[in-house]
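The letters A, B, C, D and E name the chains in turn, as written, and every chain counts its residues from 1.
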Amino acid sequence: AEFLITSITELTGSLASQGVPLSRGMKLAADEINASGYLGEDKIKLVQLDNGSDRGQAALLVNQANASGSIAIIGTATGYVSHSIAPLANELKVPLMGMVYSVDLLKPGPYSVKITSSDDSHTISLARYVTDVAKPKRCLIIYANDNPGFIAQYKTFREYAEKQGIEFIGEEAVSLQDTDFSALATKITALAPDCLHISMTAPGGANLITQALQAGMDPATQIFAGAGFANQQLMKVGGAAVENVVVSADFVPGGVNEEGKKFSTDYEAAFESPAENWSAVGYAQMKLIAYGLKQAGSSATREMLLDAIRNVKDVPTILGAKGVMSITDRLPEYDAAIIKVKDGNFVNAQ
Amino acid sequence: MIAQQILNGVITGSIYALFALGFTLVFSVHRVLNLAHGGVFMVSALFAYYLVTSGVSIWVAAVAAALAGGVVSGLIEIVALRRLRRFPPHVMEFAALITTLGADIVIINIGHKLTDAQTVRFPFGTFPNVFFNLLGLRISFLQIAVLLTVGAMLLFLMYYLYRTPVGLKLRAVASSEKAARLMGVNPDAVYLQTFFISGVMAGIAGVLIALSFNSISAHMGEPYMLKAFVIIVLGGLGSIPGCVMAAIFFGVAQTLCVVYLPPGAPDIILYSLLFLVLLVKPSGLMGSAAAISIVGRRA
Amino acid sequence: MLKVENLVAGYSGIRALRGVSIDVAGGEFVAVIGANGAGKSTLLNAISGIIRPTSGTVALDGHQLEGKPAHVIARSGLLQVPEGRQILPDLTVHENLRLGALARHGRTPDFDIEGILKLFPRLEERLKQPAGTMSGGEQQMLAIGRALMGAPKVLLLDEPSLGLSPLMADHVFSALVQLHSRGLSILLIEQNVHRALEVTQRGYVIDQGQVVHQGASADLATDDSLIQHYLGQEPATA
Amino acid sequence: MNYFSQYLPLADIFLLALGFAFSQQVVLRAGVFSVATAGFASLGAYCSAILVTTYGWPAPAAIAASLLFGTAAGWCLSLPLARLRGIYQAIATLAFVQVVIAVMLFATSITGGGLGINSIPKSVGTGTLLAAAIITGYVMFAMQRSGIGRAFDAIQQEETVAAVLGVSIRRYHALAFTISGAIAGLFGGLQSLNTYTLTPSSFSFTFVIMVLGYIVVGGRRSAWGPVVGVAFLTLLPELSRGLAEYRPIVTGIVMIAVMIFLPLGLADTFILSLKRRKRQGNLVEGGTHVRSAS
Amino acid sequence: MSALRLEGVSKSFGGLRAVSDITLSTPVGKITGLIGPNGAGKTTVINLITGTLSLTDGRVCLGDSDLTTAEPDAIARHGISRTFQNIRLLAEATVLDNVMIGFHRHEKASFVSGLLGLGAARRETADIRAKSAELLQRFGLLRYADMPAGNLSYGHQRRVEMARAVATDPKILLLDEPVAGMNDVEAGELGDLYQELAASGIGLLMIEHNVRFVTRMCEHVYVMASGRMISEGRPGAVMQDPKVVAAYLGDKHAQG
């Protein structure tokens, strides 16, 4: 049989920088699955649609995917869009394989599934690293206040770290569109924290760090960030300024196991740009669906697919620090990778 | 810190002015809100980036980018606006909103394809990274360059508009196209010229801002458009010095708000302030009542 | 000098000119008269290139001008004082005059700004004022002055006395006579029929977009029935 | 059945956008260059969402509250803005929109801040939206044909003239703002009970430009303008889906082409050409006027 | 009698005193003239009466109502109507629509009935349309009714302005150079119309440079120069006043 899977991602519009690698990752996985005969006689047909970074278009595409008989939908790259289509997918009873961090995605009903572990587990891995390994004294939080994911992230981080006795000297909000951080940079320099936790995207964050250093921030200030930072853009934009930045990520660059290593080389060969966090997430999502389909067999239905992946134990994946993942009632768990910039590359920090 | 922050604000404001001057020029002369200005700005930055990465020096690249901005802007005039000018002003002004928006969408998405939706930046060390300490204030060579460029652009525009015959033609066409034609002025040439100059300014701004903030992306013009709107109005329409003053005022106000207010509050204060300024002085800080725009109404 | 033949022009579907032929010899002063809506302004605009004629020819000194853009026609020396004055309201009086000079295109002008101010002293007091805030009559003087600044070969005037006080209208007419005596060719549209026929040499009467009469001004002026007939609005009860 | 139902969300999108477009058109017709529709819509949307999720109000009551809230906001905004004109008015209303966004981001405890409000129960379907759009459309038509429409036209084209003919600019501007606020508040409320989620960025600068786009592309005068403009701009991305990532480029080019050739907008141009044809018909009927030579 | 009266009206633009201490009155049922050289301040006087400009000094009254500080629309609703020297029509609206808006001040249908398209509003619209067509007929414009007003020739646009002003059914009608751009025959036709209007009880105040026309039409003439009133009286007498001849007429016209 041929299983129709529709991806609905931000291929154009303002959120495309996340949507594009994501959809490339899944494409790579789908081709690989079909070529390797992983599903025996069965094949995957991946249709990739663009929601133009717009909620309305995404909702329409969910309906189309449902009408065309897709067994599952993969998407979308951002919480803003994902949250608005999850209720619809549940209403139509079509599995929505989401990749946003917030657990809220699972709330609308049993048909929404996640591939990334929750914010909390991610962020707490990072917070644990901060309290156990880095042990700073005075932390300053900087977050993008116009994105739900980044807000949730910094809150979890602060809550955990504060309990462990880290002192926080303030919170500063920025917007994802900002590029001019001169005021904030001067303020950071004056506040003189020894630790920054930054919740925003890689290019913006790298730029912020560069400007803070130019404004005279102590170069020894330790900098921590969530998965938003986990891609090459960080080094491309930040250069030497982002050395030693510690990031929690789904994917350790280069891979932690054979599959991850192969993914990295294949991806780079196929798309002429290095694999990064989002492409790995897309890839892993597609692989998880294939895993589910294999369990459910040739006559798999949507419900059978869901049943097959609702609870899994220790399946191999390219995500996480250890390369295995378990899922408990649609919520994946794997140890987040804690990585660090060394000589312009990410390396495992642990 | 306060002195440093005010300096930061002045520089931020100058950067807004850098972007807004070309936009204001087109608006004040032709009453067209060129929504593609941000697109032109981005194209120039990207063009300079490709030149620099293929080995051209930043100075040459900047000049080339400025010209490229002028050419793209001129093309926008020819393709998206020229035909519209046959129609009465209130029709033309609204239609121009959409045609320039369309042009912006086209340009941004070409940029999108070229950069693969990623943020790029000039290679490290493209522009000398030198800092000066003036009376305890930190200022970079680049920031000084920004200040000087804004000053130069302001002087150039004032000279060009008020001291040259070309400027006279330009203002004549702005005042009444038909009457200007009857006096032998070719409005097509005048429009093209204005757009070219505006594009050159966007180009210079694009390169300097990309250098300042280490980033070039397809959407880099968008946040500046909103600011540019605010600034031309705050400065009083048609007033070039007003535009620069408003930009700096806005930059300083914004910086101080960011520094002294809790996160999220600055925008509330800043835009409420703008609202109040307009109520107290309905034609902007520097505007005269005579300069009131007529977008949406007949001349 | 100016030769217009069989000019046809109109506005989206409406034919306002239906084949008008007119000529102005070098140094001649010619009047065109007609009722409201007869097509007088349309004629001037078609000559000046403000509207594009559908057929017919316009020649200045033997150079074909029809279909050329308005600014090219203006530069070639055909300058109009348009209906509604069309001064540039945001520019000062001085700037309006300077702008007029841009149409010279190498011709030597009879007037510089001083000369214009001598002709219309009222303008001198207003040099720095935005032209849009001047009184109607002042604007009319400016419009004439501006056209003269451009060293016209043929001056086209669309109701120059409109809105002028009697004294000022006299002034303008005598100025025109004076310009004419210096050798300038003038085509004058005027609703003040008697005045127009007094100062000009020849006249055309147009009606419904066609020339219905032409002849020496003096003859036209004495033909009362003609004037009554072609210059009246149709009866209100029609 | 299945085939049609998959396009149902498109109908929802269309109807919601139509409501906002009507709201935008009212002010433009009255010669007010306001972009406050986004702000009113945001207020209406948050009003309904909060009343339903936090206070458990029934949907119809919440929507009525949104309508009232929008109406009140429109009227209040009209008071200070009476003095402004043209682009100054546009920027003042844009400032209002930015303040609304910023407040929604800031008042985290009430609005959820940047997280927005998720999982709003869906209680507004296509039928309700259709009814709301039809009623609004009817009001727009009726207004067009009444003295209000004439007064708006006069103000929009020549304010001084309108004033010396006895039209109270202040009163009619206030009326336009109020109607605009009412419509936007209503459809904001409907939207939040139709699309599950709400964030401050739902009604941002992009929204402002898009809603203006509907009116300019469709036409600023006729009540068909918004209908045609919204249909065109919401269908265009769907029709060009086959073009993959070149889609936005083509959209941009089509926008330029349409406006360059039909600068009055699709509907207005069409209606004008119909009128023109009728007029020419009349002329032939009546015969061209030729004065008889007696 | 509800005449329009100006008492000591003045207006300055910055340093320029454009109108200075003008006192005049316009009785109903008669045509009053206001003449003077270009830039004398005549149009400014009309702008001051209609509230388009605000007074620096003085009072404007209509009958018992003081209109000195009233808003333009309120003044219009008191029954003062005007035409503009520089024609101001709704250029894209049809001629008929231009006249229909003139009836605004007599509309009675409420906002609500307009918004809901109730019968009252619809009937009123039909009624106004019929009356407007009648007016156009009177001004000889009926065949242009469906044309965009901006497409008319200059003279015809002037007539549309007048029809619109008359549509407001004013007590006082202010005409700023009503026959500018018309020849004597055309002016004569309009003159008859003004006399009819005056006979029907409207007070007309007319600014005009066509001296013959003013002499024929007006019972009383005011003469302004440089913002001041320099003469007033019956046309015949005024036109022979040496001050008027010197400032305004020139010797050529000083026949009376």
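The rule is simple: contacts are C-beta pairs under 8 Å (C-beta built on N, C-alpha and C of every residue); 3 or more make two chains touch, one makes a residue touch a chain.
As the structure is a prediction and not an experimental result, all values here were calculated from the model.
Undergrad: What are the chains that chain A and chain D both touch?
TA: Both-contact set = B.
Undergrad: Which chain lies the greatest distance away from chain E when centres are computed from Cα atoms alone?
TA: So the chain farthest away from chain E turns out to be A.
Undergrad: Per the definition at the top, count C-beta pairs in contact and tell me whether D-E or B-C has more.
TA: Higher C-beta contact count between the two pairs: D-E.
Undergrad: Distance-wise, how many Å sit between the C-alpha centres of chain B and chain C, to the nearest whole number?
TA: Their C-alpha centroids are separated by 43 Å.
Undergrad: Between chain C and chain E, tell me the centre distance in angstrom, where each centre is the average of that chain's C-alpha atoms.
TA: Centre separation, chain C to chain E: 28 Å.
Undergrad: Measuring from the mean C-alpha position of chain A to the mean C-alpha position of chain B, what distance in angstrom results?
TA: 36
Undergrad: Can you work out the whole-Å distance between the CA centroids of chain B and chain E?
TA: Distance between chain centres, rounded to whole Å: 47 Å.
Undergrad: Which positions in chain C are in touch with at least two other chains?
TA: 234
Undergrad: Can you list the residues of chain D that touch 2 or more other chains?
TA: Expected reply: 105, 113, 157-158, 245, 248, 289.
Undergrad: Which positions in chain B are in touch with at least two other chains?
TA: Residues 109, 112, 264, 298 of chain B each touch two or more of the other chains.
Undergrad: In their shared complex, at which residues does chain B touch chain C?
TA: 165, 168-169, 171-172, 174-176, 178-187, 290
Undergrad: In the complex formed with chain B, which residues of chain D make contact?
TA: 28, 31-33, 80, 83-88, 90-92, 94-96, 98-99, 101-103, 105-106, 113, 156-159, 205, 209, 212-213, 216-217, 220, 245-246, 248-249, 251-256, 258-261, 263-264
Undergrad: Which stretch or stretches of chain B touch chain A in the complex?
TA: 1, 4-5, 8-9, 11-12, 15, 109, 112, 116-121, 124, 131, 138, 140, 209, 212-215, 217, 219-220, 222-223, 254-255, 258-259, 263-264
Undergrad: Touching residues of chain C toward chain E in the complex: what are they?
TA: My answer: residues 11, 14, 33, 35-38, 41, 83-84, 122, 133-138, 140-141, 159, 162-171, 191-194, 227-228, 231-236, 238.
Undergrad: Spell out the part of chain E that touches chain D in their complex, as residue ranges.
TA: 50-52, 71-77, 81-82, 84, 88-93, 97, 100-102, 104-105, 107, 109, 111, 113-117, 121-122, 124-125, 143, 146-147, 164, 168
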